[in-house]
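Next come the structures, one after another.
Each of the two complexes below includes chain A, the first together with chain B, the second together with chain C.
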Partner chain A sequence: MTQETILIGLAGVLASASPLIFAVIGETLSERAGVINLSMNGTILLAAMGSFAVAYNTNNILLGFLTGMLIGAVVALIVAFAGITLKQSQVAVGFVLALTCRDLSYFLGNPYMGVSGPRLQAVPIPVLSDLPVVGRLFFQHDVITYISFAAIFLAWAWIFRTRPGLMLQGIGEKPAAAYIRGANVNLMRYIYTVIGGALIGLAGPAFSLATRAGWMGTISGLDGFGWIALSITIFGGWNPLRGAFGTYLFALLQWLGLVLQPVLTQVPSQVLQVAPFPLMILTLLFVNIGNAEWVERALAAMPDSARRVFAKLLRAMRTSPPAALGVPFERD
Partner chain B sequence: MLKGRLGNLAYQLGALLLSFGVVSLILLAVGASPMEAFRNMFNGSFGSMRKFAEVLVAFVPLLLVTAGLLVTFAAGLWNIGVEGQVVLGAIATTWVYRFFLDSSLPPALVILLAILGGMLGGALWAALAGLLKVFGGVNEIFGGLGLNFVATALTIYLIFGPWKRPGVASMSGTVPFPDEFSLPLLTDLRISPWALALALMGIVFVYFLLQGTYFGLRLKAVGKNFRAAYLLGIPTWQYSMYSFLICGALAGAAGAIQVAAVYHRLIPSISSGYGYLGLMVAMLINYQAVWAVPVALFFAALNIGSIQLPILMKLDSSLAGVLQGVLVLFVLLGEGVRQKFGGRANS
Partner chain C sequence: MNVELKNIHKHFGSVHANKGINLVIPSGSIQGILGENGAGKSTLMKILSGFIQADPGGEILLDGKPVVIHSPADAIHVGIGMLHQDPLDFPPMRVLDNFLLGQSGGLFPNRTAVARDFKRLAEQFDFSLDPDGYVDSLTVGERQQLEIIRLLWLGARVLILDEPTTGISASQKAKLFATLKKLAEQGMTVIFVSHKLEDVEHLCDKVAVLRAGELVGEAKPPYVTAKLVEMMFGKEITLGERQSAQQDEIVLALQNVSLEDVRLKIRNVSLDVRAGEVIGLAGMEGSGQDLFIRACAGLVRPVGGRILLKGRDLTGKSYHVFKRAGVNFLPAARLEEGLIPGLSLSDHFVLAEAPRGLFIDRQAGLQLAEERIKAFNIRGAPLSPVESLSGGNQQRAELALLQTPLSLVLLEHPTRGLDIESVIYIWSKLKERCRLKTAIIFISSDLEEILQYSDRVLVFFSGRVSPPLDAANTTVEQLGQLIGGKGWAEMGETHA
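What follows is the complex of A and B.
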């Protein structure tokens, strides 16, 4: 393989990861506020179908993207209403929506199967795109990929470097304390869930109008990405930077699966495509195992020097969900 | 008490009517006649004995999965990995078949071993999700989802790799077993009375396990309040593991039936989504085993009836899933509305 093909491949990895980037950031914002939006897998499919249908009928790509965001926001609003106002299980409602929206997308998308429609074109950025290596990697993408780059840093800065972001962390970790400090916890949760939902919805058109343009129903190959995004959100420890790292790692592994295909002829291509999943389970195990009780006991039983090394290692990998994730907030 | 029951039933019926209403609107939106669609779905599932037998073919795995999920739900666990547990049941069953196919064992014994193998396979896969949860701190939803993907990959690997058909491997699955290795089917129909009996035994077993045993009582205590159950001296993590094992065995039985009585081979989509559908049924019946049979039958009828839609009306058969999903959604939301605005008087 020449350096040029590798560069093109890696640039493709960055672009193909953009839908998942939006989904992971959207879910991160929602969960940071304490609301788990499990509907993602269906939301992305419905948004992909809906935005393609709108863009196809109006020949307006921007309208298509807005439709995707609107669909994501509406689905998230249902999750928020059920979870926050009605205090029902967010997991149950989200799961039902995940299946329902998926089936709805297949049902409504039937007439658009295999139709060729509008697609976002690459917009090389002047000057920067001519840089060696970096230009090819980062500056010859379509607009939505550039926005995905920006979204990572904006979300990170919002959560960790602004006052509202601090409040966001508060309503997910200690809602009672945030309430005492003047936050309208439930309203903020509604807002973040809906904004997060709109970002999750953006993943739909990022597929159907850009990276995997078109709508192919059940064979679109989009079913499953929402569940992946959910795993990456945890892997990312509810941090947009770490989440983005996880997303690019996932996309890289999928690309490697394709590239290594001719070398590993014994292994069917479908298996290489899912190779990231066992790795995902392992990483989930590594980031969570520090939370298990028996690990603490085992650590306590170790000799001092070994304990220090292991404890440090576990702490470095460990992530904990926002303490109030999935728990309705009651003023009393 | 009676008033409460009736009020409850009124909410469920209201949700049912509402969901048919919403689906009618969706049908009108795509320019189709709702009455025609519902009639075609009804005829497609109850129109003839042959069609009703198909409904029962879908009902069996769905009921088995639902029965298993009632156990994990009772323990307070969201066993989303049930889908993969069905798949591993099917894989293990196929493995046992392949192992004994050329042996001198009587076919009846091979079938029995294959189904038991399937239950064991499902239970082991569930145990994996359980171990990840109990000892790894990995939430069962995320561990289960990951394991579902791995299970699907494993199926495809086996079909295209070690178990591929002589000649060329294809998505149509492994080589079918000879007829005598199938669970006996009714004449001219595709349903096996043995499979039906197994499914009914499964739900009866779970009903008595949860309602009539000390084990069930303690399991529900773990599900309601893990901490309190632990302080009361119930071995909580063991109970979590037991519930995973029981659910996995029942889901594995569903996968085993798919191989032994329906497809007679391993195919890529062997689980047909019954695991996820079972989660919907369990939610709809509010985790009460008594309602599992009628609701699972209703869902199976919707799935089979909707097969007529693409043939007769050029509509996608996923309408069944939309109807099921909207129904469960309305029941969940209705329950929330009742709790919030209904007051405690008639709850």
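What follows is the complex of A and C.
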């Protein structure tokens, strides 16, 4: 393989990960506020189909993307209403929505099967795209991929650097404590769930109008990405940076599976196709190793100076779910 | 700030929780609010701090001006801050983030300026809090300190403290009291809600006593304890006499036991516990006593030494083996580790019995529950879910669940958060067990309780264990010193 083909491959990894990036960030925001949006897998499919249909009929790509976000927001609103206002199980509602939206997308999408429609074109950024290596990797993408890069850092900065972001963490962690600090817990939960839902919805057109343009119904190969995004959100410790790391890792492993197939002929191709899933889980488990008790024990046995360094490192890597995840808030 | 409550009523459905309360609290004073569990203290304080609203007709005046408080955020806005019994903070977040969360301002908080304010306030009260540390590594006392400076920083002029001495060490309590006195001198109004007589007597300039939702009266120093107790309960209550259990057969023997967890190591402890004996474990929270009691329950495996129960070597065996051998453990977290929320009292009794067949005999369960409810004076019905019971009644229920016969009961903070009447009742039940040759080992942060009820005391200080001290010849001051790490040089090795 030449350097050029490797670069093109890696740039492709970054672009193909963009839908999952949006889904992971959307779910992260929602869960940080304490609401589990389990409908993700169905939402992404329905948004992919819906946005393609709208973009095809109106020949307007922007309208297609907006449709995807609207679908995500509406599904999230149902989850929020059931979970926050009706205080029903978010898991049960989300699960049913995941199945319903998936089947709905196959049913409603029938007329668009295999039709060729509009697709987002790459927009190289002047000057930057001419840089060696970096230019090829980061600056010759379509708009939605650029937005996915920005979204990672914006979401991270919002959660961990701004005042409302701090309150967002509080709402998911201990709503009563956020309430005495002046937060309107349920309103905030609605807002973050709906915004998160819109981002999850954005993953749909990021597939059907960009990375995997078109609608192919059951053979679109999009079924399952929502569940992957859900697990990346969890292993990513509800942190957009770590979530992005998990997403890119997954996309990289998938790409490697494809590239290595002709090289490793003695390995059955199925193994290479499936390998990314367990490999990703193993890596992310390793990242969360600081949570394990035996690690703490090993740490306690180390000499003081080494222990301090490792303890700090592990503490920084350590994550715990928002304590009030999925729990309705009641004043008093 | 001068606080005046006028004609405060509160109904919850048919329950009349506050009945026409009138109270004036002058600026710069420490006002005690005393009452047993369920007397209406919490309701009154929740009204003042904006968590709930009083029934129409009542009035709250601050410095003579009527105020309307709709939410806790409103309360802090008019200068009322409340420190909740279970600190309302965010354990996985950093201290500084906890401190600044809730401050209003621009999109990006100015952390340098906030850190400067934090440091100034912490120094003013001599609190050593690391702004970059995480709250889940702080003790309850330190979390209170954080909340106090946070409320002051937000401009609180009235500070309400709900049962603040529950779960903190003696030295932290001394520090808290010094802080509160200093605040009162600075003109702050401090409202101290408690059911602990000695704390209230020690600290408060004035005490208001609530009983069954009514303000039954106020008292000023010098306080007469018997009088306060009578006001609280409407009747006189006497403490049970100390009775030394006769010492015979050795129930539990620890031989050179060493224990370890992430934070500390305990080395070579030897101890013989005899039937009917009560051993109190004193020490600041996290000094090793929790590890020790879990080792006695078989929940923590010792890294060295042997544990014998009635001569049988149980070292390294599981909790279930210990349990079958007659050891029961009641952990501090009643609803998390002790009882099962969602299940009724009757369900609990059925579960605790040895299983007989696949199906539940509901009738027998109900009957059993009724018997135990009567025997243990639990306020609740057989079908009431355990989480609906008050703390005292939950603890009674746990005692009612203990097996009979038992060789050893291990208790963690058996009376934390309970009113005197429940405390006395629970100890009378435990002492009954002692007469039946059950040995008791318990942890408490209440030194008076330890000296009152134990035969011997072990003091823990960061993993060091004192030799057993005879409770009859030990004073609260001596214990306090040892807990704080003083006087260990003269103690010698940890053997019994």
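By our rule, the second predicted complex is superposed on the first by the 287 of 332 C-alpha atoms of A that agree within 3 Å, B and C clash if a C-alpha of one lies under 4 Å from a C-alpha of the other, contacts with A are read in each partner's own complex, and residues count from 1 in each chain.
Note that in this section contacts are C-beta pairs under 8 Å (C-beta built on N, C-alpha and C of every residue); 3 or more make two chains touch, one makes a residue touch a chain.
Because the structure is predicted, anything quoted here is derived from the model rather than measured.
**Student:** Just chain B (first), just chain C (second), both, or neither: which does A:Met167 touch?
**Tutor:** Touch status of A:Met167: second partner only.
**Student:** Which partner chains sit in contact with A:Leu104 here, chain B, chain C, both or neither? Use first/second/both/neither.
**Tutor:** Touch partner of A:Leu104: chain B, not chain C.
**Student:** With both structures placed on chain A, which of the two partners, chain B or chain C, ends up touching more residues of chain A?
**Tutor:** Between chain B and chain C, the winner on chain A residue contacts is B.
**Student:** With the two complexes superposed on chain A, say which partner A:Arg315 touches: chain B (first), chain C (second), both, or neither.
**Tutor:** A:Arg315 contacts chain C only, not chain B.
**Student:** Name the residues of chain A shared by its contacts with chain B and its contacts with chain C.
**Tutor:** Touching chain B in the first complex and chain C in the second, no residue of chain A appears in both lists.
**Student:** Mind listing the chain A positions that touch chain B in their complex?
**Tutor:** For chain A paired with chain B, touching residues are 38, 78, 81-82, 85-89, 91-93, 95-97, 99-104, 106-111, 217, 224, 227, 230-231, 234, 266-268, 270-271, 273-275, 277-278, 280-281, 284-285, 288-292, 294-295.
**Student:** Could you please specify the touching residues of chain B with respect to chain A in the complex?
**Tutor:** Result: residues 26, 30, 78, 80, 132, 135-139, 141-143, 145-147, 149-150, 152-153, 156-157, 160-161, 169, 276, 279-280, 283, 314-316, 318-322, 324-326, 328-329, 332-333, 335-337, 339-340 of chain B touch chain A.
**Student:** Spell out the residues on chain A that touch chain C in their complex, using ranges where they run on.
**Tutor:** 161-164, 166-167, 169-170, 173-174, 176-182, 296-297, 299-300, 315, 320, 323, 331-332
**Student:** What residues of chain C sit close enough to touch chain A in their complex?
**Tutor:** These residues of chain C touch chain A: 46, 51-52, 71-73, 76, 82, 84, 88-93, 97, 100-109, 134, 260-263.
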